[in-house]
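Please find the structures below.
Below, subunit A partners subunit B and then partners subunit C, in two separate complexes.
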Partner chain A sequence: MFVQRRTKGGIFAAAVVAAAALVASALPAHAETGVTSSTIKLGVTIPLTGAAAPGYNKIPAAMNAYFSYVNANGGVNGRQIKLVVKDDAYSPAQTLSVTNDLILKDKVFALVGTLGTANNEATTRLVNSQGVPRLFVNTGFSGFADMKKYPTTFPLFPSYATEAKVMGKYLADNFAGHKVALIYQDDDFGMDALKGFSTAGTNFVAKIPYAALSQAQEGVVGTWVQNIIKSGADTVVMFGVTSATGALALGLYKANLIGKVQLILGSVGSDGTTLKGLVGPALTAALAGSIAASFLPSPADATDEYITQFKAINAQYNAGATFDNNVLVGMNTAMLTVQALRAAGTSPTRASLIKAIETKGSTWASAAFSPILYSPTSHVGYTGYWFGKLGLDGNAVSVDGPGKYTLYTTDSGSAPVVKASATRPAMPAKGLPKN
Partner chain B sequence: MKISSTYKKVAVLAASALAALAFTSAPTAAHAAPACDGKVPVTSCIGATSDGAPYSMMVPANFNGTVYLYSHGYRYNVDIPSAIPLIGGYKITNTPQPGPNATIIGYLLSKGYAVMGSGFARQGWNGDSGVATDVELINTFKTQFTKTTHVIAWGESLGGFITQGLAEKLGTQLSAAAPLCMASSTVEAELKMAGDFLWGVKTFFDPSIKAGNYSAGAAGYAEAMTDLGKVFTVMGKLQAGIGKELVTGAPSWPDTTPAAVKSMLGTIPSRSALLLIGLMAGLPAQSAHFDGTTGPGSPNSSSYTGFALLGSPALAILENGTNAAALAILATLDVEQQAGGATFDNTKTDYAAQVASEASTYSAALSGSTATNGMLAYLAAAPRATANPAAVTKMRSLLQWTGKISVPEVTMVGVSDPITPAGDSTYLANQYAAQYAAQIKANIKNHLPRGSSNLISIYGLTPTHYTTFDATGSPVTSTPAANGTNHCNFTTAQYKTVADLLAYASTNGKHLSGGPLLTAVRKMGGSTVDLKFQAALPKYYSQD
Partner chain C sequence: MKHKSPAVRLLLLVLIGAVLIIGSGYVDQLRSYQGAQAAIFAIAISSIVLLTGYSGQISLGHGALMAVGGYAAVLCQTHLHIPYPFAFLVGTFAGGVAGFLLGIAAARLRGPYLAGTTLALAVGLPSLANQFHILGGEQGLLFDVGNPPASLGSDFTQYRWFFVVAVIAAILVFWLLRNLLSTRYGRRWRALRANPTAAALSGIKVGKAKVLAFTLSSCVAGLAGSLFAMLLGLVAPLAFTLTLSFTLVTGAVLAGVSNLGGSIVGAVVLVAIPELSNTAAAHFGGSDKVTANLPGVITSVLLIATVLFVPNGPKLPRMKFLARTRQ
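Showing the complex of A and B:
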């Protein structure tokens, strides 16, 4: 038999609650979920195992390294940040299951940097119904900026549509007259890109779709190569994840096409360290000269103040991890998160966190050269890219020379692509935000 | 857990009494009063209501005044020939069922509660007659056992539907209620999922399946039995084909697939087509043995990822769809015969819109957007099913529940229940939320305490990983269904917790709340009682 204990001051409490909320609750009233006087609990889902794990599996450790650094320096308004990391193996079903755990069992305050378009789609009903802030999602699907459909979600990366428009402009400016083929992941990721290329007026001699992760299946990459040869393309745009870029590189190598076709890689599929792990140093070196779009500075740029600071933190708190694009993404996401938490106030709530991002997020320090467009009417994050060439080590160096970044900005719609000088807020002293 | 000797004795008696009931000839005429055996420590009574529904009552010697009225779920209202796989040999039965199972009946009796339940006068979809039977049964019990002070109603599946209908009809004459794994608010909503799935199977895999619009009388029965055989056969072919596809990567469609489908969609794996129709119908993409997250071998191997992402969701639809197909066909036949014609109509159904969010989530398993759009285009152009307007009107006159709640209620359902989707319970919660908000507003206006919620919604969650594989790497399907999957798949602990919650609410006039509630739900395992948890609504409600 159950025993219901009466709480002191129950009648008074009931009156207060009645005035505050109309929604039914048989559950206890409490302070904001995931926040105590000494801690703030956050959650992230990401592939730590499986075919999509290489590269991405470095991000949580990088986030934790930055949070550890902040915690060692007093935390956020006196609270230590705790990051609960869940492996989703890139499977949407697993993402949903572990997100159930994060929200219903671990009781996280917010999700941060959750990875994958389909994976974030899979948890949207849960996230929306619980009102959980979902910060800086690791996907460029433009749909996540729809504030009606995803009211608590904040995309950070430039959209894939934006990237395709920018790439279309780059192709028009630099590859006029070339025969260009497009390989793309055949889902919202790729559909977003097709939309952008269409807006840019880019013509392809071949469009080659592939279902996500099918690059690992027998014969699939061979079909890509056959279609490239058949189309007569001399330039190939790869709009997929790095494991697909690696598979393409191996396919081109087998067909003796390395160096004979110009590769242009999307930002998602061009991490040098990951590529090296997938295809080896020799083939990575053979891909030198391939062009890649990026929105964060090159991790090899020793002149960049964000890179140098993050590298120092990485060396101290993420021992043994090679500093690359994934580590940079993790640290940059974590630094924005710290600024968001600080701005949410000394008694942060989910509502105050969302309001802080909407009203102040556009001013925060971050490594990307593009401005952030957060506002009460916009959840759009970054909007621009620069282009680089892969070096022998797989890292991109700006086509304008080391440390010189020309930014191409636009939106996910019909606005023109504009070249701009790269500007951004300075890195906070010692990498510790004081907003 | 400590089990007292008294409990053991009562539980055994309850089990033997149940077994005896099964062999007792059901009375064919109405009895004014039940026939009771007068035994101790449990008196068993049988009888029949005025509509001929046989019932049973079990009352312990230490009866505390509270009786649990149980409404059983859907039973086929036709015999099934033995040649039909899985369900062949079924004979119509109206054996009364006074509780979910003997263990739970024994548990309640050991605590001094009485139990009762009927076998209903007719099987099949029987919401209206089921409620009428239950009302009469309550009155009969109270007359026979005058010590009765509280009546708690509970039931599962269609019995959950009847329980909710009864609770809305009787209001505070009940003291608490629990519609478990409850059917949709209307039979039309319940049959839409079945209709969409069967139509998809017919369109993609075997056009000779009738999938509804059955003839009247014996001819319709024969058509439905033929459909059962065909659907099970094509599911078997799909199972074999998917197995080949996952090994070779080459599409393998059933030989009954229409030539036009093979011509237009033949390069797409059949697993993607099956998954698409399952998702558009609203079937869960996790099933008793397929979690969508686990593959054979090392988690870092391509075979592991390939199976988990590409194969498992389709196999889950296969498992769920096979389990649901029999009910889909037989319930369609039943309702059509009650309504006097075809009731399923998808002439205006936009399947692309219906599957929009799932298509994005399961893009890889659907073989990508191009393949998905191709399949949806084929479905958009395929011949549709047209209902008989008069039959639809008749169907819509059958009992519906509205979500009105007057006494404490508990719902419980697995998030991947393939027959009565968890979204049905969410729909009830959403309907009640509006009622409760209005109640609070009125109470505040009248300077009254706002009052506590009358609804506790419990959802059984699936574990992150539960698919297992044998030494050859083949998935194992002989293990018990995972928590949160299959139809009304509850543990003894879950049943007992619901029973205890109902008892508490019945005694106190309100639900257990706060920490004790959370503790109770945590202890029963595998479930959440989170207030904001929302399952996907069935497609009928057009949530997506």
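Showing the complex of A and C:
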């Protein structure tokens, strides 16, 4: 509905808006789906069971912890936020079934932080036909920023193409003259990366593709290591998930190459907690000095005002959950949601929520060292990365020193990579947005 | 022992279908979706009933055969731009080809070995999508069948349209299977299931009969897969997991594996379980962990109870015209 209004003539649109405003002012406030005088109901689908659950299953509890904190402090314009959590076991079929429940039975106002690319694709038809806002989807697939196909969807994370372009720039600035090999996942994830590296003009001495999840298979990692040795590379870019980073670390260890090749890790492949769980603390410590791209601050950074505030809320409202990247993502998503709901007005509607994000979203407080590019003509979220060095505990510390961040921003297309010192809105007092 | 002619059976099925389709105008979208889901599950379960209940072969890999059907339908529609009803036919055919190849191997295997082979297929096949770019990788390929025909009016929801398509497909499948099972092929398969040696001694070509059963069963699974793709709007490896294969076998056991009409019951139970578990969890105020795991518990308990108390499936007098005639 929204798109239709946008594409028609301006005068007609203005007339419709004016007429709607007249009607709305004449009638008693119409209650929007999922909104009562005292509550706002939101929904999220995420894997709580199955192979993909570990890690991700901590996100809804973290979101709920932040919402409980806000609720205890008066809620949003007097309304308490209620989050309905549905398990989809990472299966698109189940995502669709439980999203049907959320939208048609639970009648949620909006979806927030729904996880997975195929999972979000499967529910798009339903979401579009019902005009349900779908905020801050948890996937790096840049396609969701297409406002024609996904008029009510707001991706948040930067795209993989953006990340590869930024890494290409970082390599050119800091590793000129080095022999660099690339390991990438042989699917859309990796294709996006190749596109980004090619835009950045990065030359690799070897490009090593692997099928998703094959890192666990016998012999696969051995081939990577052989290819690295054969190419004579002294620097290896690992553009894959953390379990692939772990497998590579073990392979390099067996070949006695740890410390001899410089590792450069993508943002999805460098989660310190996961890495430690995979390869143990000793090998994690041996990987110290590896470089990693990130957009959120490190969850271990005790000097970061967002981290300290979220940690305090986590301690009080999240029943002893360890504060890691997943908790950070959950809380950050929840805080953006609260700002969106506040900006949607005292009688929020789905249309006013979407409008609020498009017109004001770029100014909101968020933990990432990156601007948010939401506007009436763009649904692109974060666009930037900073580079860190892994410490002995597997957590990244900025290459410029603790608390100092250089931000590299660009888009998924051909725009140049811009380097700037990172600034972001301050954490609202006590972590409670007053926008 | 009462025989109904194919025409009478068709009439009965069409009547049931008509009642369902007209009835779907009086329920909300959620029920339409669940109805479509149940109809697709019923088709998929009937493919297991045909295979296991009649020819005595077991398959833990029918989820993968559904994937073959689904991907074939989507690829054809995307690249050849054929109308989607034909995409369903392509899906059916592709499932059959895959099943024929698998059936050749399967005919030489029995019991646990056959289970193992088909299980490997269920584990391995969907991940093939990650190896070939044309298959869209982890995020899959979109399958858009468009809006319901405009002539049905603007009130006619997408889910109701899916329900109508799925019910029509289910009626065709049940009618064809029921007729097939009362021919000599059906009798051969039953003889085979009861005792392969005796069947061979009576002149039945055991291998050929088994391969035929596997091929036809896979055709039906392929059709179910392409309908499933329609419902989801996409195909992706994660949509055709091992869990799906096991769910189908569970549905077949709940139905009573040699009871074609029972497929409908099995399908309805499968669709109803999450609903029941949600209600139960809400009633007991369970945590997210309880809510997430309750459906699995209910399914397991039902499965065990079925095997213990009604191994041939629940008795359903009204479904008699679909049920296998028992001597």
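One rule holds in what follows: the second predicted complex is superposed on the first by the 366 of 435 C-alpha atoms of A that agree within 3 Å, B and C clash if a C-alpha of one lies under 4 Å from a C-alpha of the other, contacts with A are read in each partner's own complex, and residues count from 1 in each chain.
By definition in this document, a residue touches a chain if its C-beta (ideal position, glycine included) is under 8 Å from a C-beta of that chain, and two chains touch if they have at least 3 such contacts.
A quick note: this is a predicted structure, and the numbers were derived from the prediction, not measured.
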Classify the contacts of A:429 with the two partner chains as first (subunit B alone), second (subunit C alone), both, or neither.
neither
**Message:** Looking at A:186 after the superposition, I want to know if it touches subunit B, subunit C, both of them or none. Which is it: first, second, both, neither?
**Reply:** both
Please indicate which partner A:209 is in contact with in the superposed arrangement: first for subunit B, second for subunit C, both, or neither. first
One more residue to check, A:60. First (subunit B), second (subunit C), both or neither?
second
Check your understanding: When the two structures are overlaid on chain A, which partner does A:93 contact: first (subunit B), second (subunit C), both, or neither?
Key -> both
Subunit A contact check, subunit B vs subunit C, more residues touched by chain B
Let me test your reading of the model: by the given contact rule, A:131 touches which partner, first (subunit B), second (subunit C), both or neither?
first
**Message:** Just to be sure I read the superposition right, which of the two partners does A:319 touch: subunit B = first, subunit C = second, or both, or neither?
**Reply:** neither
### Task
Once the structures are superposed on A, label A:85 by its partner contacts, choosing first (subunit B), second (subunit C), both or neither.
second
For A:217, using the defined touch cut-off, is the partner it touches subunit B, subunit C, both, or neither? Pick first, second, both or neither.
first
Residue overlap on subunit A between the subunit B interface and the subunit C interface 49-50, 89-93, 97-98, 100-101, 104, 117-118, 121-122, 124-125, 129, 186-188, 191, 211-214
Subunit A residues touching subunit C in their complex are 48-50, 60-61, 85, 87, 89-93, 96-98, 100-101, 104-105, 117-119, 121-122, 124-125, 129, 141, 186-189, 191, 211-214
Listed in rising order, subunit A residues that touch subunit B in their complex are 1-5, 7, 11, 14-15, 17-19, 22-28, 49-53, 89-94, 97-98, 100-101, 104, 117-118, 121-122, 124-126, 129-131, 185-188, 190-191, 209-214, 216-219
The residues of subunit C that touch subunit A in their complex are 28-30, 33, 37, 127, 130-131, 133, 136-140, 142, 144, 158, 228, 231-234, 236, 238-239, 241, 243-244, 274, 278, 288-289, 291-293, 296
Per the touch rule above, subunit B residues touching subunit A in the complex are 249, 285-286, 291-293, 299-300, 302, 304-306, 308-310, 312-313, 357, 360-364, 366-371, 432-433, 436-437, 440-441, 443-444, 449-450, 452-453, 455-456, 461-464, 500-501, 503-504, 508, 511-518, 520, 528-534, 536
